[in-house]
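Two complexes follow with chain A in common, the first pairing it with chain B and the second with chain C.
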Partner chain A sequence: MATLEALLIDLLLRVTDLQQLNAILGDPQATALITGGLVAFAAALPGTFLLLRKLAMTADAISHTVLLGIVLTFLLLAALPGLEADLNSPWLILGAALAGVATVLLTDAIQRSGLVREDAALGLVFPLLFAIAIILISRLADDVHLDSDAVILGEIGVVWADARSHCLQDCQPLEITPDDPRAETGRRCTNCVELDIGPRDPAAEFEEYCLNCGSYTAAEAWRARLVPQAPTLVFWPRAITSMLLVALLNLAFIALFYKELKLGTFDPALAAALSLRPALLNTALMVLVSVTAVAAFDAVGSVLVVAFFIIPPATAWLLRDRLAHILLLAPAGGVLASLAGYEFSRGNFLGIAQMRDLLLMLDEAIGLDGFTEWNTSISAAIVLMMFLFFLLAWVFSPRQGLLLSLLQHRARQQHFAEQLLLGHVHHHQGTAEAASELAHAGLHQHMGWTPRKTQRVLARLRLRDMLQIEDGILQLTARGERSVRRFMALRGTSGASPAAGR
Partner chain B sequence: MNQTPALHIEDLTVAFDSRPALWDVDLAVPEGVLMAIVGPNGAGKTTLIQAALDLIPRAAGTVRIFGEPVARARGLTGYVPQRGSVDWDFPTTVQDVVMMGLYGRLGWLRRPGADERQRTLQALEQIGIADLATRQISQLSGGQQQRTFLARALVQDARLYFMDEPFAAVDAITERAIVTLLQELRARGRTVVVVHHDLQSVPDYFDQVTLLNVEVIASGPTAEVYSEDNLRRTFGGRVAGIARLTEEAPP
Partner chain C sequence: MSHAGSRNWRTVAALLALSLLAIPLGLALGNIRVDYTLVTVAAGGAVLGIVCGVLGSFAVLRQQSLLGDALSHAALPGVALAFLLAGRELGWLLAGAGIASWLGVLLINTLVRRTRLKQDAAMGIVLAAFFALGITLLTYIQSRNDASQAGLDQFIFGQAASIRRQDVLLISVVGLAAFVVLIALWKEFKLITFDPSFAQANGFPLRLLDVLLSTLIVVAIVLGLQLAGVVLMVGLLIAPAVAARQWTQQLDQMLVLAGIFGGLAGAGGSILSGMQQGLPTGPLIIVVAVAIVALSIALAPERGLLWRHWRQRRDRQRFTAQQVLQDIHRHALQHGDPQYPAPGGMLVTLRGPLARPALRHLQREGLLNASAGDDWKLSERGLERSQAAARNQFLWDRYRQFGEDLGLPSLAVDPQQPIDRLLPADAIARLEALD
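And now, the complex of A and B:
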């Protein structure tokens, strides 16, 4: 991890300077933005496959049960001698991945028993595991920084605070020995405890010892004012590194096994028949989902992370109907939504409106009791924006959008009404009853339409030169005649073999 | 007949939760024949195919494909699952689905290239849906879906094919296209095992037939084993579909 961070810092310093880099990495909002974007990118990739496998809610279950994996591993580390219980330990990732896979296996086992259905099996397993985790946290890990609020909502705003320092210059570690001129000495009582006396007791004996001896990193040495020259430091938030690693891992996995994942998702039976191990790949996918959920845990918590897995792919699916396109579009859309959501949390709604102005207006209009400060959770704002994007895609999608199908429906109805009228004229033209049937004045009664609709259809047909009115009688033009023929020919064959398609 | 059978199943039992779906099945399919598997709902027809392909665990018995264990004969078999077994809303094209038949030959990590595209197009042409190559699969009719699956089996270029209800709910034109394809496959010496539900067409389309109802009731050349008596034993007396058969084919 540290090496990767050093490498990244080295790269970044080629495009920016130290001061700017530290300003960005130390800025709560900038780091929240970067982390949110990385979570969105990393989650959308496996999320696409979850969505296609109808496993959307499995993502929700896993994002909760990984907590049990974390807690159990943490307690195990604390119990085992020689290992340090640390919330940044890589072992926690392993524990979380195991918990995620266990969730899926347990759900499958319950479902196979035939007693409950799949959705209920999931509903049984994940609250159980999550509840155990919550109890363990509150009972056993009270002193640890793991509280239920953080677990549920995440703390993307304080990602910057948990950083690792990287020293770039003047990085000599310092060893202070008792002979060092900077060593400070103090006295301590050697027999006070033994004799149960105070240090002021005349029987007390003392020895001298060094107060500040030991080894210091350059940063610690500077903080303790042991060196005159400040080392050059970069504080790199840990969450950015872990999210970046997970994003790269997901990207590599899906790029490498794209073909196998596609077949295993579309037709697992064929994948198995071709020896492409769909079950193994499925487990691998669940491991990735678990690892992603854990890495995203600090930032967005366990409840909202499911949105990062599911909404961007669902949005992309509304817009495109090729898997490869969805896999490109979903992460991009997720990152964009993170950006918009981050701005939204600061009160800027897509650059269109300021929430503060809006709230002030509402306050004046209906009275919000002075609730005019717009200050909201970044992760919640991102999820809102993801949903807004989804909504926009749903309404405006050129593929199957609401608006489009509405327009198409309207156009079909208009076209049909036109053909009906043309057919009516065609049917009665030149017959004895033409004078009454085709009279412009009484037409709407013959068609059974309102006069307004009749006039509208007529106007459209006349505009397109398909119909003319001569002495108050409707007549087909040559174009109108052709249109009627075409429509009737089409109708004649359309009923015969709808499924043949050739 | 001393040739190795294309498919040789011995003492095969498959159970779901100790309820047998197949019981002590012995079956030999000679190379180069079209065989129908016929039986009532729940007779274990699909289970037989899946067990023969090692897709579900066997409780007992052995399966040999051209004398080899199934795992070593993967390249020799092609599989056409039931049309309803996949989600046709999946975001992909006809061409792409057909190309999936080549994934086994490609193996792990390798991507389809120009050669694979060429084979795919050939299969699409052979089966008469080349014009649908770039069509999104959710826009296909039932018959077109079935043809897509058949084209996918075709590119696998297998010696032994298993097809699960390819004739289910397809129109007359597609049915004829499938029959033509089956005959072409037989002419090229391929073996095809087909789960079939239309009792009347069995003698027209298939050389051999297996009557299955958890156990094998009868198996062999259609002319010999496809009798009213055997059908009654398979379906338990409820056989409306064989009226024509008994009229037209006196023993």
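And now, the complex of A and C:
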């Protein structure tokens, strides 16, 4: 991890300078933005396949149960000597992946017993594992910096605080020995404990010892004011590294197994017949989901992750049909939504409105007792923006949008009404009852329409030169005649009256 | 049917008695002092558990368990908004939660019907989006720093300790109203749960009933939120029903049992969380409820895992005993003497380790006599039994081979069944007369 970070820093320093880099990495908002974008990117990739394989709720379950993996691994690390128990340990990823796979296996096992159906099995397993994790956390609240708020929401706003320092210049580690001029000495009583006496007791014996001896890294030496020259440091937030790694892992997995994943998603039977091991691939996908969920856990908690997995791919799916397009569009949309969401959390609603103004308006309208401070969790704001994008895609999608289907529905209705009227005229034209059936004045009664609708249909047909009115009687024009013949030929109903002249 | 029904009712009654017994036992073991708060909390937990258990049964039977999860998350913005508009009054909070969940159902159904998204994706989207909205509102409320907002967080993980006596009353009234609707429309709900297309064909207003039943499930969720919290609510909704399903095949019994289990889990979890500061109620209730499920899956008669295991074992033993008896008979016939003993070692080699208990079993039944050492021979009755079995097998073989040619009635071939009871006597005679 550290090497990767060093590499990245090296790369970044070629395009920017040190001061700017440290300003960005030390800025809560900039790091939140970067992390949010990375989570959205990393989750949308496996999320696309989850969506298409109808595993959305499984992903939700896994993102809950990785918490148990985290807590148990943490406890194990704390119990084992020689291993440091902290929430950044790479072992946690392993524990979480195991928990995710265990969720799926346990659900399968319960379901296979034939006693409980699939949905209920999932609904039993993940609340249980999550409940155990919460109970453990509440018992260990003093040792682990995890509380229920962090579990629900994540702490994307403080990812900058948990950083690893990288030294670029003046990086000499320092060793202070007792005879170093910078060594500070102190005295301590050697027999006080043994004799149970205070240090002021005349029998007390003392020895001198070095207070600050030991080895220092360059950063520690500077912090302890042991060196005059400050080393050049870059503080790199750990969350960014782990999210970046996971994003790359997901990208690599999908690039490598694109064909197998695609076939396994759309035709699992064929995939199995071609020995592409769809079951194994499915497990691998679940591992990826767990790993992504645990890496994102610090940033967005465990309840909202499912949004990052599902909503951007669902949005993309409403817009495009091809898998490759969805795989490109979903991460892009996710990153965009996390930008917008980040701005939203600061009160800027898509650049259209300021939430503060909105709250002021609301305060005047319904009375908020003057509390107009806009303050929200960044992760929740990102999810809301993803949802907004989803709704927009649903309404405006050129393929299956609400607006489009509304327009199409209207167009079909209009077309049908026009055909009906043309057919009516065609049917009665030149017959004895033409004078009554085709009279402009009473037409709406014959068609069973409102006068307004009749006028509109008539106007459209006259505009298109298909119908004309002579002496108050409707007549087909040559174009109208052709149109009638065409659609009657299409239906294969030569003589049948399209309109019962009522 | 009615016989099985009444026996199952006895099971239900026994389980009720057992769970009532658990109360004094738990009190004694846990060393719990009974006081006013404890009684309120336990009563609240029990009532909520009962309502959730009964109504959740329909969610389980209709395979809508995960819908419960989505709806409980979707309730959060309703709770927060109701708090903003009306303050911390349980009735309003519940109303808000109900409306929000309702909108959630509506949105999920619309998404499934109007887009290419499937049920799971629609639920995931609604769950996360509504929850995020709820969190946003909650953060806003927290930023106002009202003293009275304490207690909203409890909707996330549940806090039984905050239940007051009038809350218990309100919950009971709402729950009772839900039960009244349930009983009034019992036949209809039963029909649309098990055979919706039949219900529709018979002119029942399917959509309306569907919506009504979903509403009842929403009521259960909304009531239970206080206790279990939005994240874990799905467990309280479905665990009692899944447990109850193991014990019975009948809907009415299942609902009663689910109520009992739900009440037990609700009260148990609430009391446990009341014993120690800072323990959220929701997780404890879930653990108790899932423990009940595990016990039910293991122990339930007919369906349970232990029961199934035991029956398989018994069947295997019976089968081995039959085979061993035939082996001895055949061995004796080959030696031309019906009393000719067969060595036990040979039988074990033939039929595996189950042969030993089978031999002992046959001896107890008086079908075998042990002679000196490890030799076994048929008794008088054993001989009769094996001859009858051999004849049965012989007739089945002939039936399989010639039954169709002779124009005999067609049967599923099962040599375990006595063929002379399945076929008329003249058919048996014709099979025997073949050569």
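A few points about this structure:
Going forward, the second predicted complex is superposed on the first by the 490 of 502 C-alpha atoms of A that agree within 3 Å, B and C clash if a C-alpha of one lies under 4 Å from a C-alpha of the other, contacts with A are read in each partner's own complex, and residues count from 1 in each chain.
Keep in mind that, in the parts below, a contact is a pair of C-beta atoms (placed from the backbone, for glycine too) under 8 Å apart; a residue touches a chain by one contact, two chains touch by 3 or more.
Just so it is clear, the structure is predicted and the values come from calculations on it, not from any experiment.
In the superposition on chain A, A:Ile326 makes contact with chain B only, while chain C stays out of contact range.
Once the two complexes are laid over each other on the shared chain, residue contacts for A:Ala96 go to neither chain B nor chain C. By the touch criterion defined above, A:Leu55 reaches chain C but does not reach chain B. A count of residues in chain A touched by chain B and by chain C gives the higher number to C. Of the two partner chains placed by the overlay, only chain B lies in contact with A:Lys262; chain C stays clear of it.
In the superposed pair of complexes, A:Ala272 makes contact with chain B only, with no contact to chain C. By the touch criterion stated above, A:Trp317 is placed in contact with chain B and with chain C alike.
With the contact threshold set out at the top, residues 54, 317 of chain A are in contact with chain B in one structure and with chain C in the other.
Within the complex formed with chain C, the chain A residues making contact are 51, 54-60, 64, 113, 115-117, 119-120, 122-124, 127-128, 130-132, 134-135, 138-139, 141, 148, 152-153, 303-304, 306-307, 309-311, 314, 317-318, 366, 368-369, 371, 373-377, 379-381, 383-384, 386-387, 390, 394, 400, 402, 405.
Here chain A touches chain B in the complex through residues 52, 54, 114, 256-257, 259-260, 262-263, 265-267, 269-276, 317, 320-323, 325-326, 497-502, going by the rule given at the top.
If you check the complex, the residues on chain C that touch chain A are 60, 63-66, 68-69, 73, 84-85, 111, 114-121, 123-125, 127-129, 131-133, 135-136, 139-140, 143-144, 153, 156-157, 231-232, 234-235, 237-239, 241-242, 245-246, 278-280, 282-284, 286-287, 290, 293, 297, 303, 305.
Within the complex formed with chain A, the chain B residues making contact are 17, 50, 53, 55, 71, 74, 77, 79, 81, 85-87, 90-93, 97, 100-101, 103-104, 106, 108-109, 111-112, 128, 131-132, 136, 138, 140-144, 152, 170-171, 173-174.
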